[in-house]
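Going in written order, the chains are labelled A, B, C and D, and every chain counts its residues from 1.
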Amino acid sequence: MKNSAILLVQCRDQKGLDAAIADFIYRHNGNILHFEQHQSSDDSFYFARVEWDLTDFQLLLSDFSAKFNPIAEKFGMSWRVALATYRPRVAILVSKYDHCLVDLLYRQRIGELKCEIPLIISNHPDAQRHADFHAIPYHIIPVTKENKREAEQRQRELFDHHKIDLIVLARYMQILSPEFISLYPQQIINIHHSFLPAFVGAKPHLQAYERGVKLIGATAHYVTEVLDDGPIIEQGVARISHRDALEDLVEKGRDLEKLVLSRAVRWHIENRILLHGNRTVIFE
Amino acid sequence: MKNSAILLVQCRDQKGLDAAIADFIYRHNGNILHFEQHQSSDDSFYFARVEWDLTDFQLLLSDFSAKFNPIAEKFGMSWRVALATYRPRVAILVSKYDHCLVDLLYRQRIGELKCEIPLIISNHPDAQRHADFHAIPYHIIPVTKENKREAEQRQRELFDHHKIDLIVLARYMQILSPEFISLYPQQIINIHHSFLPAFVGAKPHLQAYERGVKLIGATAHYVTEVLDDGPIIEQGVARISHRDALEDLVEKGRDLEKLVLSRAVRWHIENRILLHGNRTVIFE
Amino acid sequence: MKNSAILLVQCRDQKGLDAAIADFIYRHNGNILHFEQHQSSDDSFYFARVEWDLTDFQLLLSDFSAKFNPIAEKFGMSWRVALATYRPRVAILVSKYDHCLVDLLYRQRIGELKCEIPLIISNHPDAQRHADFHAIPYHIIPVTKENKREAEQRQRELFDHHKIDLIVLARYMQILSPEFISLYPQQIINIHHSFLPAFVGAKPHLQAYERGVKLIGATAHYVTEVLDDGPIIEQGVARISHRDALEDLVEKGRDLEKLVLSRAVRWHIENRILLHGNRTVIFE
Amino acid sequence: MKNSAILLVQCRDQKGLDAAIADFIYRHNGNILHFEQHQSSDDSFYFARVEWDLTDFQLLLSDFSAKFNPIAEKFGMSWRVALATYRPRVAILVSKYDHCLVDLLYRQRIGELKCEIPLIISNHPDAQRHADFHAIPYHIIPVTKENKREAEQRQRELFDHHKIDLIVLARYMQILSPEFISLYPQQIINIHHSFLPAFVGAKPHLQAYERGVKLIGATAHYVTEVLDDGPIIEQGVARISHRDALEDLVEKGRDLEKLVLSRAVRWHIENRILLHGNRTVIFE
């Protein structure tokens, strides 16, 4: 595991931003490993992701804020710093379709997703065996129209208790309440089984089938209060034809959803995603 | 050029369809080159495209109908037969963006699109030089809200005069009237610069840019009375990221549109497309 | 599960093939579900895959051969018939990298791969837990230069005992002897982690990395006596760039290998693959 | 046209590189538009591409070298600076297949390729009309085994006379001599109609067809003394199947070659390509 730190910055674009950041790290004897920046041409906003080797770095992360603040204030930056060695704590929610869950668990097991998965929550018992195979606690929290409030309350208690950093809806089919969503800004990633903004809501495969599209898609996005409308993180498509019946779309969709969701989760875990309004800037 | 004929058939699915068609051609000493069929699982409809070598075929195409009708009636078939040597007469309509036009003209010139292009119509003079380079008559028919009726009248006269089989809207930005469209069922192909049904109507690239999608698309479809809603023939996508400004979407879109539209035109010319409700069955 | 049968045919191209086959099925009251055929233009060979509904079919499969033989002999056909309900018995061989194995097991479990997996063989113990999770017997057969003969002997005994129809080398890194291979013509599918014929043999990712390609690939193919040279069934690619170190190629390669191998296995299981010299004809 | 400058740097990786470069531009009142860097993990080499707005920049480009040299020497940098407003002078060489030539001319005409095309050279007269259409001088220089030396001599004179910066072999089928190649390091881009390193040399489509690959490719690369072995700039693939005869591979190949070559030429023109041994680092 790289002993590095990641600084994420956004602010209005101004002269000297790259120099100020690079110089700050250099002056404290850091060796920059990656420096990626972007300026949005339409509204002159600046985004940067800098990763540097902490070996020989003269600043303790506990002192970073105090030392970096003058620069941050000078430029009006929003910023945060993270340790590459920190393994984000990820809760996975799943309903009946377990393909995304199984895929995420495998990737975490082999070290591709550098995170902890302290728990899995489901409104069904079906996926229990996958949780058991990976020795991860599995919580069955059924959801109905009447108990929604209590169900979400239970989920939030679990997230608090396990100090969850990221909630992944891995084909979790319940709609979250606005109150719940507002507690976790840019902390809930959902996989929607269509190429957004086409086919929002329920039964996107059936909608796609009836429209006669030649490509189906999957979209991973942050969850916001408007259904299927949050910032898009990643998308993918696969070809279909008249030979594909509805169940073939579902099947081809599975492979897409696994790829798209795992990429999105990975980029989030690796501190590669910045928000620009309702869009994402991703430093891959 | 292959000396072959193509039979397209659709009807309710029944036993013996493949045998009846194959046997008919064999009995008249035809050698089948390609036999493609499909049965839709949801509504039990049958589609077939059969291409056979006319060398030694004992039936004149003028007698084909009389001889084939008994079979057609027995099974309740909709059908048509076409000669591979027949070069469909294609009119291309274009506005200011000429990339699709230039691409189609090149492909026709090198023999990839086996059709005639008797005329090009535009509401602007910009593309005249491409028409001149290919020695194709270029008709400038400006369109305004007031003269729409007359403009379409003039277009229809040109189509009649030149015995046009197919009308290709190659980034032709005027909206056709329902009356016009109704005269040419499954004879007008449009290229829309988005991945339908996402971003219908005007400025799809701007819509895509604002939504923050990670893929942009292009869609070739038959024009029906509802804007951007007709049966989809072909679609393609290209990756974009935060680094792509609006003009980059337009640019990447160009390459997509050329590929997607030319494939759609080609399949239509080669008698490979059948309609199934608002969807297409394409025997590539 | 569809109650259908599949007939695969190949022979020299002649008039009347489609009619003869379709008519044969129709005369015995079969309803054809799919009819796909192909004639190779360079050497005039004919290939067909016909699938028909056995409901009401008047021929017992045990009588099929006797009744179909006259047609087969008349045209000089190689042919075989299979039941869609028959679940091929697949043995999976794996070494240390278990991603393909895990992927195949999942797909078989959810019904995507309609086959039986009676056993898994490995030269390492690492993948035992996956076999246990799916309650499949796991046989550890270490392979060294000295014991190769005995190891293969043991494998063959297991294949015979379990009546294995297909052997899948799911990142099984041992090279099979020519004698072993010759016992299983068109019955061994391997996944090679490159885009063949580029980077044959060992360390294809390192070779790819050093060549500086911009795409890496994976290839599923039938195993023949020449290493990595057998008929290609399926291939896929993924983009890489200078930012991808060797381990990134390995990682991106995993996703490719899973997709490519599972498609190849599926098409084989579904009787969709015919051999044409050292190439494949695949009726998807 | 952006009034910007581009600095390209490569050297051994060391602390303070990003800071030194960013600070240099900032100190001279430059506003950095893009800063992209990369460190190769295997051999610790550093690469950077920095683009900054020249508005308000206090250094004349004629003084840049003197002022930047101390930094360059301190770090042992290889570097060069270029003006975004400078339009590289590109010579295109073509044989009989003109699809890449036509594609490049169109892109240059509409402003996508920001370069000058002072001349086109061919060993055939076929493409003359495209040159005439774009009012570009067309030089027919036939090449035989006997006159190769003189032909290349004539080409070099034309390159010198027109101050050519880049030579594009747009399906130019003559093999260049090592002497010729050595005069233009990283200045000759070729499009090879296969996915290198597969199918080098002659008739790659036929080789691909015989191998039975399921994807064909195209590769744009810098020309070095070993045929088809130079640093790869860009690659693309397209799907093929048993239904594709050799001429279909050629046809699908055309669309690939146009896309791949135009991207490579564009990145070179925009100073986005750095060499790392026999590989390329491309800051897209």
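Please note the rule applied: a contact is a pair of C-beta atoms (placed from the backbone, for glycine too) under 8 Å apart; a residue touches a chain by one contact, two chains touch by 3 or more.
Treat the numbers as computed from the prediction; the structure is a model and nothing was measured.
Novice: Please name the chain that ends up farthest from chain C once chain centres are defined by their CA atoms averaged.
Specialist: D
Novice: I'd like the Å distance between the centres of chain A and chain D, where a centre is the mean of that chain's Cα atoms.
Specialist: About 37 Å, centre to centre.
Novice: Hey, how far is the Cα centre of chain C from the one of chain D, in Å?
Specialist: Computed from C-alpha means, the inter-chain centre distance equals 41 Å.
Novice: Listing for chain D: what residues touch at least two other chains?
Specialist: In chain D, residues 38, 243 touch at least two other chains, as defined above.
Novice: Taking chains as nodes and touches as edges, what kind of graph is this: line, ring, star, complete or other?
Specialist: complete
Novice: Considering only the defined contacts, which chain B positions touch chain A in the complex?
Specialist: Contacts found on chain B: 38, 40-42, 47, 195-199, 210-215, 217, 231-237, 241-243, 245-246, 276-282.
Novice: Under the touch definition given earlier, write down the residues of chain C that touch chain A in their complex.
Specialist: Per the touch definition, chain C meets chain A at residues 99, 102, 106, 110, 112, 129, 133, 243, 251, 255, 259, 284.
Novice: Tell me, which parts of chain A touch chain D in their complex?
Specialist: It is residues 15-19, 21-23, 25-27, 29-39 of chain A that touch chain D.
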